[in-house]
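Both of the next two complexes hold subunit A, though its partner changes from subunit B to subunit C.
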Partner chain A sequence: MRKRLKINNLHAFLQEIQKQGSLIAPVKTNTEEREFMPVEKISQVALEGSNPLRSPKEYLFPQMETMYQYHIQKEGKATIKETLHQEPQIIIGIRPCDLHALSYAKEFYSTTHKDVYILERWKHTTLIGWACQTPLNTCFCTSLGDSPVDSKCADIMMAKTDQFYILEVLTAKGKDLVETVGSLLEDSPDADDDIIPTIRRQTEAMIREKVDLLSIKGRIDSAYSSSIWKKYSDTCIACGACTFNCPTCTCFDTADQLETCQDGCRYRTWDTCQNYAFTLHASGHNPRGTREDRLRQRVMHKYHYSVEQLGLFSCTGCGRCTRSCPVNIDMVSIIKDIKEVVSHGEE
Partner chain B sequence: MKKQIEQNVHQLLTEIWKPGDLLIAWKKASLPGHRIPAFIYHKEEIQETVFDSFCDISLAKYLNEQNRQEILPNSFQGTIHVVCKPCDAKSVMQTFADQQISEDLVSLIVVACDGVVNRKKIENQIEQSIVSITETDYQMIGTDIAGKEHAFEKREVWLDKCADTSHCELPYYFGYYFVGEEKEHRRRVKNLYRTHKKLPQDTLPPADLQKMIHQELSRCIRCNACRNICPACFCSDQCVFDKPKEPVKLLDNHVTTENNILYHMIRFHHVAPNCTGCGECERACPKDIPLHIFYEYFNRCMEEEFGYKAGKTNDERQKLLSYNLGEDLV
Partner chain C sequence: MEKNKKTPSSTHNPYVPFFAQIREVGQQTATVKHFRVELPKGNVPKNFIPGQFYQISLPGVGEVPISVSDYDPTNNTLLFCIAKTGVVTTQIHTLQKGDYLGLRGPYGNGFPMEQFQGKHLVLVAGGIGLVPLRSVIEDYFRHQDQYGELEILFGARNSQEIIYREEMKQWRLMKNTTCKITIDKHEKGWDGNVGFVCNLVDKTYCDCSEVLFHHLSPEKNNTVILIVGPPVMFQSILDNLSKMQFPDDSVYVSLENHMKCGIGKCGHCNCGSKYVCQDGPIFSWNELKTLVKEY
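Now for the complex of A and B:
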């Protein structure tokens, strides 16, 4: 099903869907940057522009969340109260790279272990995608076989033209949402068929470089003992800005917070493989003691280990790691080197 | 001007180069306006290094003990040549003073610099991807994806610290090579010096200041970029924030505004005696938190209380770690 929305009606459209749940959209902050945030004033919403540095991942997998609260009784028994988030939320303006990342995260959290906290949030979330027309010079989604208009796990896919938005309704959840705003939308004629392919062509032409990684998918482990890692780990300062801004990084650490001797809660926070303590054993041995090991782990996980595990790349080409790196390490030059080593071997 | 300096640096290096040496300098990366640290072991590769207005990364960080362990090959016996802007040279001085590296190992090359570009400022103004960027004497010219050119006055897109030439003062140290017009540089530093910049601490009432700090630090994601890029931070794996063997952590991973404030307050108090005000933490922050409001304030306090400025010389003892007989107790 496809619908049209007049440009002038966007404000009313957002107002209507805000009634269905908390609305999260790219919002212009006072530091002149756009960030995914719960919308307070509709006028602040800025759907157009480059992709925000923080991905919408944090609304499904927050940096810090309480998993459950516990109370230990006198007989030594404990009662546990889980904290599940079931409030409906609508996230709008998600680029195809982030949609890909969210679909990877969903796959990961429902295959390796059933993560109730995330899956419960997912059930109550409606995702509205946004066909990308403004790639940055760090973007490389085409290298991973994606396109700037993929709709992956979106419920509704939105695209902008000069006079109107088109809304491609893809799931039952999306259909329910569209029905509540029915009066604002009109049917889309067949002439709209080539809007999305045109956007795709235009955007792909703007992406700086394509390093075809699909052709070496599954063979990347042969770069494991290559010398390319040292080249990048020399400059790496092992901070973790890349992993904390990455939309597909899924690692977390759990800890307890005690309020009294009997009451407390268990919470979890994001963790990063770039940290020395991440793999440190109690014995003092650290299997990933050097920065080279840790940088290689991050890159190999994105391009190989996740392929072994789930059959998917866990990099979506959004370029956030390059954007946030304090020492300008460029992911595209890393994957170029990987491809060189895998297809031609080391010189 | 910088082109000439770049050539002079190349010339100087070819003269002083001995086989087995290491050069730490900047080189071009594939993205426009990106310069990355280069580690060069061969004389022929000296020509690859660059020096221009995009060389914002401080290379002083790579001299400390932990970084040397990661970078240097086991058999390394040569000299480390490091190219520094005057602001980074102070960090090198502090690295010497903190005994992170022996002075005999380093040959320091300080280059005259009139400012480096803050790439984020350009990107925010263009709001589009830049395909290429070039510099002329007074301007930066960026070309966006549609082929349109945007020109900026260099002054408008400098890093904030470059507006205050007290950062460009040369250290009291005789063991460095200076490339550029030294007299001209000293004159510029003296004439443009703008001290006592107004910080929020001076202008805002305490309640507003507290509110502002809360607002800014609530955005912190604790990625540790500020800590890891800091040339004054060298506790490496024994840092209080992730000391693995400690039974009780000083600060837990709970990312709340209160904990973020605690994190930054511990960090800035801890580095206050070694902080040279190089501004790397602010540059590295992916969330653009204005960290200068903390370190500049602490630096000013250090100067007022103890008459001490980190990074001035290579052998001054840290004021918070030393005590002289007969000295007043604070």
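Now for the complex of A and C:
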């Protein structure tokens, strides 16, 4: 099902869908940056523009979240109250690279032991994608075989033309949402068929870099002993910005916090494999004791280990690692070097 | 959609612990204690396998992965042997009989005991590495008729750090069982073996080598070797076994990577495409060869 929404009706559309749950959208902040945030005023929503530096990942996998609260009784036994989040939320304005990332995260958190915190949030979340027309010079989604208009796990995929938006309704959840705003939408005629393919062609032409990683998918482990890790890690300061801003990074740490002698919670926070202590054994031994080891781990996990685990790259080419790196480590340069080493060996 | 609708989740939450009462506490060494805990009624671990571990937690303090020393199905109790190392284990050491521990598990793959039937078992342990192997030893004694002989080779830093002293006396009295101990350096009053346990295969370092050769030379194909200890220890043993052309599918190693969740999600124990907590912690030598050396 495909619908049209007049440009002038966007405000009313957002107002209507906000009635269905918490609305998360790219919002202009005081610094003129755009960030995915819960919308307070519809006028703050800024769907157009480059992808925000932080992905909407945190609305499914918060940077810090309470897993359960407890009340400690006699002899250390505790009663536990799970804190699952089941409030409905609608995230709008998600670029295809971030949809890809959410899709990967859902797959990762659903395998074997299910992560109920994320999956419960997912159940109550409606995702509205946004066909990308404004790639940055750090973007490289096409290198991974993706396109700037992929709808992946979106419930609705949205694209803008000069006169109107089109909304491709892709799931039952998307259909439910569209039904609540029915009067604002019109049917989309066959003439609209070419809108998304046209955006795709135009945006792909704007993407600066393309390194064909698909041709070496599954063979990237042959770069494990390469000198490229040292080349890039020499400047790395292990700040972890690349991992914290990465939409597919899933690692976390857990800790306890007491509010009184008897009441507290166990919570988790994002963690980074770029931190020395991430793999430090209780014995003092550290399997990834150098920055070179840790940079290789991050890159190899994105392009090879996750392929072995789930058949998927865990990089979406959003370029946030490059954008956020304070010492200008460029992921495109790394993957160019990887491609060279895997294809032709090291000089 | 209905705003703020709350429905109880029917999904099992693997992060939430249950509580088990401590039935016995014993001091093994100055820094190691054992705790026998009784699982709540109706909470019987499904198919417990020696080599598996539990996530032990103390509300308000934290959670740590601890190998199971023994599961006794007759009274539904688990035995843990815990070294005082960090914040959580230090706090656990203050607990007494009657106190409670939070538990999640059992996790990990464990040793493939069914593949060991009819074979001799050689267990090589360094320090606290004897803890997960004790669950193998207990399983061996419960089903001794199903296995060949048992050799236990244990290396401790010094005589003060030898765990399971009383148990070893009993093990030595059992039929078809040999138990040898070595300490790293000479010590006044110690008349046993001296040298690293990783040098067992090298006759010049330690008398224990004869034990290993006892089975390996004539019956290489009918012996499995289980090794638990730090990487520097098991790598050295694997190097020596390689020289002896010992079959790599008959050697098993337990990796002890840093873990937080125990269920392959937090990423801390990630080693190549494996999560040690979920795909391990037990890896055969031939599996280990395919892993990146980040353990």
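Everything that follows uses one rule, which is that the second predicted complex is superposed on the first by the 342 of 347 C-alpha atoms of A that agree within 3 Å, B and C clash if a C-alpha of one lies under 4 Å from a C-alpha of the other, contacts with A are read in each partner's own complex, and residues count from 1 in each chain.
Just so we're on the same page, a residue touches a chain if its C-beta (ideal position, glycine included) is under 8 Å from a C-beta of that chain, and two chains touch if they have at least 3 such contacts.
Quantities reported herein were computed from a predicted structural model and do not represent experimental measurements.
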item	value
Clash or fit, subunit B versus subunit C on superposed subunit A	fit
Partner chain in contact with A:E33 - subunit B first, subunit C second, else both or neither	first
Geometry of the superposed three-chain model: angle at subunit A (Cα centres of subunit B and subunit C, steps of 10 degrees)	90
Partner chain in contact with A:A255 - subunit B first, subunit C second, else both or neither	both
First (subunit B), second (subunit C), both or neither touched by A:G240	first
More subunit A residues in contact - subunit B or subunit C	C
Which superposed partner A:L177 touches (first subunit B, second subunit C, both, neither)	second
Partner chain in contact with A:I80 - subunit B first, subunit C second, else both or neither	second
Subunit B versus subunit C as contact partner of A:R291, first or second or both or neither	first
Which of subunit B and subunit C A:L280 touches, first, second, both or neither	both
Minimum C-alpha spacing, chains overlaid - subunit B and subunit C, in Å	5
Contacts on subunit A seen with subunit B and repeated with subunit C across the two complexes	253, 255, 271, 280
Footprint of subunit A on subunit B - complex, ascending	29-32, 34-37, 39, 57, 61, 70-71, 124, 127-131, 145, 221-225, 227-229, 236-237, 242, 244, 252-256, 280, 283-284, 286-288
In the complex with subunit C, residue positions of subunit A that touch it	19-21, 67-68, 70, 72, 75-78, 80, 82, 84, 86-88, 108-109, 111-117, 119-120, 126, 176-177, 180, 221, 224, 250-256, 258, 264, 266, 268, 271, 273, 278-283, 285, 287-288, 293, 297, 300-301, 304-306, 308-309
Subunit C residues within the subunit A interface of the complex	1-7, 9, 11-17, 19, 21, 57-63, 83, 85-86, 95, 98-102, 230-232, 256-258, 260-261, 263-268, 270-273, 278, 292, 294-295
Residues of subunit A that touch subunit B when the two form their complex	31-33, 49-50, 53-54, 63-64, 134-138, 206, 233-235, 237-241, 243-245, 253, 255, 257, 267, 269, 271-272, 275-277, 280, 290-292, 322-324, 326-330, 332-333
